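All chains are identified by letter, namely A, B, C and D, in their written order; residue positions are counted from 1 within each chain.
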Amino acid sequence: MQTAVFGASGYAGGEVVKIIDGHPEMSVGFLGAHSRAGVSLGSVQPHLGGGDRVLADNDPAQLPDDVEVAFLALPHGKSTETALSLRDRGIKVVDLGSDFRLDSNDRYLRGYGSDHPHPEQLADWAYGLPELFEVADEDQVAAPGCYPTAVLLAIAPLAAAGLVDQTSIVADCLSGVSGAGRSARDDLTFGAIAEGVRGYGLTNHRHRPEIEMGLELAGVPEPRVVFTPHLVPMLRGELATVTVPTDTDVETARSVLKEAYDASPFVSVIDTPPQTRWVVGSNQAMVAVWVDEWTGRLISQCGIDNLVKGAAGQAVQCANLMFGLPESTGLSTAGWMP
Amino acid sequence: MQTAVFGASGYAGGEVVKIIDGHPEMSVGFLGAHSRAGVSLGSVQPHLGGGDRVLADNDPAQLPDDVEVAFLALPHGKSTETALSLRDRGIKVVDLGSDFRLDSNDRYLRGYGSDHPHPEQLADWAYGLPELFEVADEDQVAAPGCYPTAVLLAIAPLAAAGLVDQTSIVADCLSGVSGAGRSARDDLTFGAIAEGVRGYGLTNHRHRPEIEMGLELAGVPEPRVVFTPHLVPMLRGELATVTVPTDTDVETARSVLKEAYDASPFVSVIDTPPQTRWVVGSNQAMVAVWVDEWTGRLISQCGIDNLVKGAAGQAVQCANLMFGLPESTGLSTAGWMP
Amino acid sequence: MQTAVFGASGYAGGEVVKIIDGHPEMSVGFLGAHSRAGVSLGSVQPHLGGGDRVLADNDPAQLPDDVEVAFLALPHGKSTETALSLRDRGIKVVDLGSDFRLDSNDRYLRGYGSDHPHPEQLADWAYGLPELFEVADEDQVAAPGCYPTAVLLAIAPLAAAGLVDQTSIVADCLSGVSGAGRSARDDLTFGAIAEGVRGYGLTNHRHRPEIEMGLELAGVPEPRVVFTPHLVPMLRGELATVTVPTDTDVETARSVLKEAYDASPFVSVIDTPPQTRWVVGSNQAMVAVWVDEWTGRLISQCGIDNLVKGAAGQAVQCANLMFGLPESTGLSTAGWMP
Amino acid sequence: MQTAVFGASGYAGGEVVKIIDGHPEMSVGFLGAHSRAGVSLGSVQPHLGGGDRVLADNDPAQLPDDVEVAFLALPHGKSTETALSLRDRGIKVVDLGSDFRLDSNDRYLRGYGSDHPHPEQLADWAYGLPELFEVADEDQVAAPGCYPTAVLLAIAPLAAAGLVDQTSIVADCLSGVSGAGRSARDDLTFGAIAEGVRGYGLTNHRHRPEIEMGLELAGVPEPRVVFTPHLVPMLRGELATVTVPTDTDVETARSVLKEAYDASPFVSVIDTPPQTRWVVGSNQAMVAVWVDEWTGRLISQCGIDNLVKGAAGQAVQCANLMFGLPESTGLSTAGWMP
């Protein structure tokens, strides 16, 4: 099956290319880029090795006819027109960006501060977190953000089971720097990142509405989430720590999680604090849960690789399901440590 | 003034030596160590430079007569006898360890899982967080743990002012690896730390009772704190993110903090998320506060250097006050970045 | 084909397991360990995911009958008896350790400071650097050290072609910390590694005799190499910078390298300084060469992943050739960046 | 004594400010910047703490009358006019940049690829490496580059004593990323630096002519140096490894170095490989030397902090000498480790 990757010069796009290059049923038939269009893939992504592939323009009109699915790894706001054009041509789309993740203009406005250019389209996109929501046979899927992936895997089954106070969720999250993308910004230089941590987007990060939407999709009424992301000095990996009032005990909580992910090849419920090193490089998520009796709080942690389970791997996982392939085709469960 | 440093071969002890070496009113008259006794300071702490100083045994009997104050940077449980012996000789003591931080055997039992060997002594020690508690003229001071320092500076004045629900405090904290000390443990190798984050001590970290005690000392009734520390791949620095229900607004919260720290040379209330890089190497703490109207939560962050404001710097700050010196004598407010 | 991995609890052994787990023609039929024998693989190598595999003793007697090849990832000096025992049973062996790399007792004595326990065996082992030496149809192969791999790939073809003064080779090398293995040593803690670089083994590193032997095997008479390794604060990756007097020009040097590696799937001759990030996670080596006319020196650099091309990947590459499989079976040429 | 710092928004300029802020005899009376002119120092250098200082334009005309010495930490090519204007006003100048380091237009042309705008001025500048050259009573001093500082401290006394073949020097150097300055470049993002090493400027780095000039100034005839710098993933620190043919023995070499630096407060000759962690944060240089009998090569290593001894600290050291102050006034010999 031929695929197209838009935004192949970025971190997430490059990761899609790497995964598809090793996928037994898919090939990359089109590589799109913006400012890097015209240069070789190898000069922009030297680690991807192999061949004399050249980046084309991010232009749907240039797609070969045999492309059946397109992965969009474009900056926020840049997916919309491309996705609609591809859909018009009958090509399935997995959008790794944020244009179609939210299900209503209201939520989009709250998350992004402006109206969606095509609000009438929002309802047609599936939210591509396959452990929680149906993706099979969909034609257009919006892959979740990395933070929502980790937070929802940590807490959605517990909230859906009514075990926690969903109006009082605190999600503190830690992310490797690749989550911020590949641009050369003052605040992303090595000198601005190494040997330091910092919070950002406090009280107004755009992933909060997405997390709350995900909880609602999972059947949780009126969730409210405090979401505080932090940047830590590592390339990859993301850890969500979710704290929430509860009346349950840890055995019940753990069994609910184990049942929820029993059939999932990519989520492990473990007994120790998940380390991001254990999942970096793989499509695995590791989840662990505690109940603190002193305060009546449940704490659930989830670790993922932000570029794999939080982006490119999840996108391919969705594509597998969209085309009836086994969910884990071409996806690794083995991480890189050390 | 001559001082003694016990545990001078560790990270915190070495930091005390470095600060005193640059202190205009104090000198290091005794250097104690355990397994490294008998070797030169330079072979164990090559960065401290200077001279042919040799580490003695951690034995109070060997102290020169002119030592007026001793800094104890010893493993948990090792300070007690040393401290009592020094006090018997009329030497003032600043304990950087945890033996005398808690104010009752009950709390000690809850934090450390065993009875204190001299519970009757606990009430005689001052808790050395000078921005919140009186230290001047004390003879024996227990310097707080690094996490309690950051968490208390972030939230104690707000809780003491009744602005937040003190029974529902969530403190997620991030620490550089030096906070775990200098021992060669499997889980502290570069290969076990770099490129990863992890929580630890969930629901049972010994700093939780200390944080709650600090809040009570500040006048906060019956505080309850969920405390979740994380280890991040950096040498130094600590960031506390405290989330708690509130009815107040951000202007009120900020003005309470500004007033609380108005006379403190080492705490800055700032308007942006504090980065640990800005304070690493200095005795500064940076605090910022937000109110999230969507959830009715206040979020307060505090960044410190765990080895300076969280250990050695704070210990010297206490000693300055104990001897009537200006609080900031010999202490830097300039960090190292980059 | 069933394989055995001895030393599966270490970094190199774990990497062999990961590669074989993804190998289409090989399976891991035996997992050996020393102090960790009896525990689950997942508890020691949490990133390897999957299953309830348990580590057995590093005891050849426990091998299932269908094992055809064994990979030894054991500490120096520990391979000899195991390898000989396996050979007696007709099992092919790839030794990732240093016991059988050197071709004579003299050289072994110079490298390791003691006589080899079975010097008569040394001549029977092939030196498994397939880009330079024949490995096909061998039964027992010693995979090279990580530094010799990088240095020899950088300079052997140029020295063999007589383009440089082989008596005057300077090899300065940089290695990620995983090259030092997984033990919990004082000098390998995060606190001893992060934010610093250092040389080690100056003038007496055991890899120098191995490099000189590799040059001799490649047909270079009486080579002399100054070898200075350095440890840098990263998990993986190795860069060799080789400087040597020359009379040639850069075009000639580059064409000799390109010809030497023309048929090699794993060595790329590039035009820019190789970055270890481009090869980390893959079995690729990247080589670039310069001629400095001002000094009459040729400079050649080679970057590899010390655990893959410098250890586990190269071992599997050798095993592929030993069994007549395509050289690159189960080995990736795509790196991890970022 | 009032001082001026031009380029106070960069890494080196900020470091000068930090040192002078702690200097007992100097104060910062002027802070200049280019694009950041008009904003507060605290917003650009939050770690420097203290006060409401505002950055002015990098304009000599704006200097208060009482400024006696100016430190220029400006990009290459930007110092010339400023320095000449300051000299016209009778203000002493220490240039941390590269405009006046080389002693002739020929050398400048070779290093920088263009003619110097004021070649007639070059002879009037002292080369400010006080351990090797006289700086006292100079009015205009060019502080050396970081690499030349480390390489010259490692090898100049040995070459000047005729102990090595100065036509055959190989200098492989490793630098932390702050050496590349503070600009937001694609190749300096965390994602481009972490977990990787790379050489750069092979055969054509502009510091080579400066190193050779320094050797000539030290009395070494016709030196030739292969200079290969590498970037390693750390913020600070620089290590030079210099390899060169020799007929001497290690005792002679070490005694020459010890004698050369006997009176220097900032250079330690040690017996073990210098670790950059031991000197980072201080103005110390650590030097160690080996002789490899197998190859007849001497190897000398020098570790420094590129921003202190390699830039700002050395500049202040020069200024101390220019004004007759003790050389080490206001400069630390204690590093930051860990």
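Assume a residue touches a chain if its C-beta (ideal position, glycine included) is under 8 Å from a C-beta of that chain, and two chains touch if they have at least 3 such contacts.
Just so you know, these numbers come straight off a predicted model, no measurement behind them.
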item: Chain pair showing more contacts of the two, B-D and B-C; value: B-D
item: Far-end chain from chain B, centres as C-alpha averages; value: C
item: Separation of mean Cα positions, chain D and chain C [Å, integer]; value: 38
item: Gap in Å, rounded to a whole number, between the CA centres of chain D and chain B; value: 36
item: Averaged-CA centre spacing for the pair chain C and chain B, given as whole angstrom; value: 46
item: Touching two or more other chains - residue numbers and ranges from chain C; value: 11, 178, 182, 191-192, 194-195, 233-236, 275, 277-278, 280, 337-338
item: Sites on chain C touched by chain D in the complex; value: 168, 170, 172, 174, 176, 191-192, 194-200, 202-203, 208, 224-226, 228, 230, 232-237, 239, 241, 243, 245, 273-278, 280, 290-292, 294-295, 297, 299, 301, 303, 337-338
item: Contact set on chain B toward chain C in their complex; value: 11, 177-178, 182, 184-186, 188-195, 233-235
item: Chain D residues within the chain B interface of the complex; value: 11, 14, 18, 21-22, 45-50, 178, 182, 194-195, 235-236, 268, 275, 277-282, 284, 307, 332-338
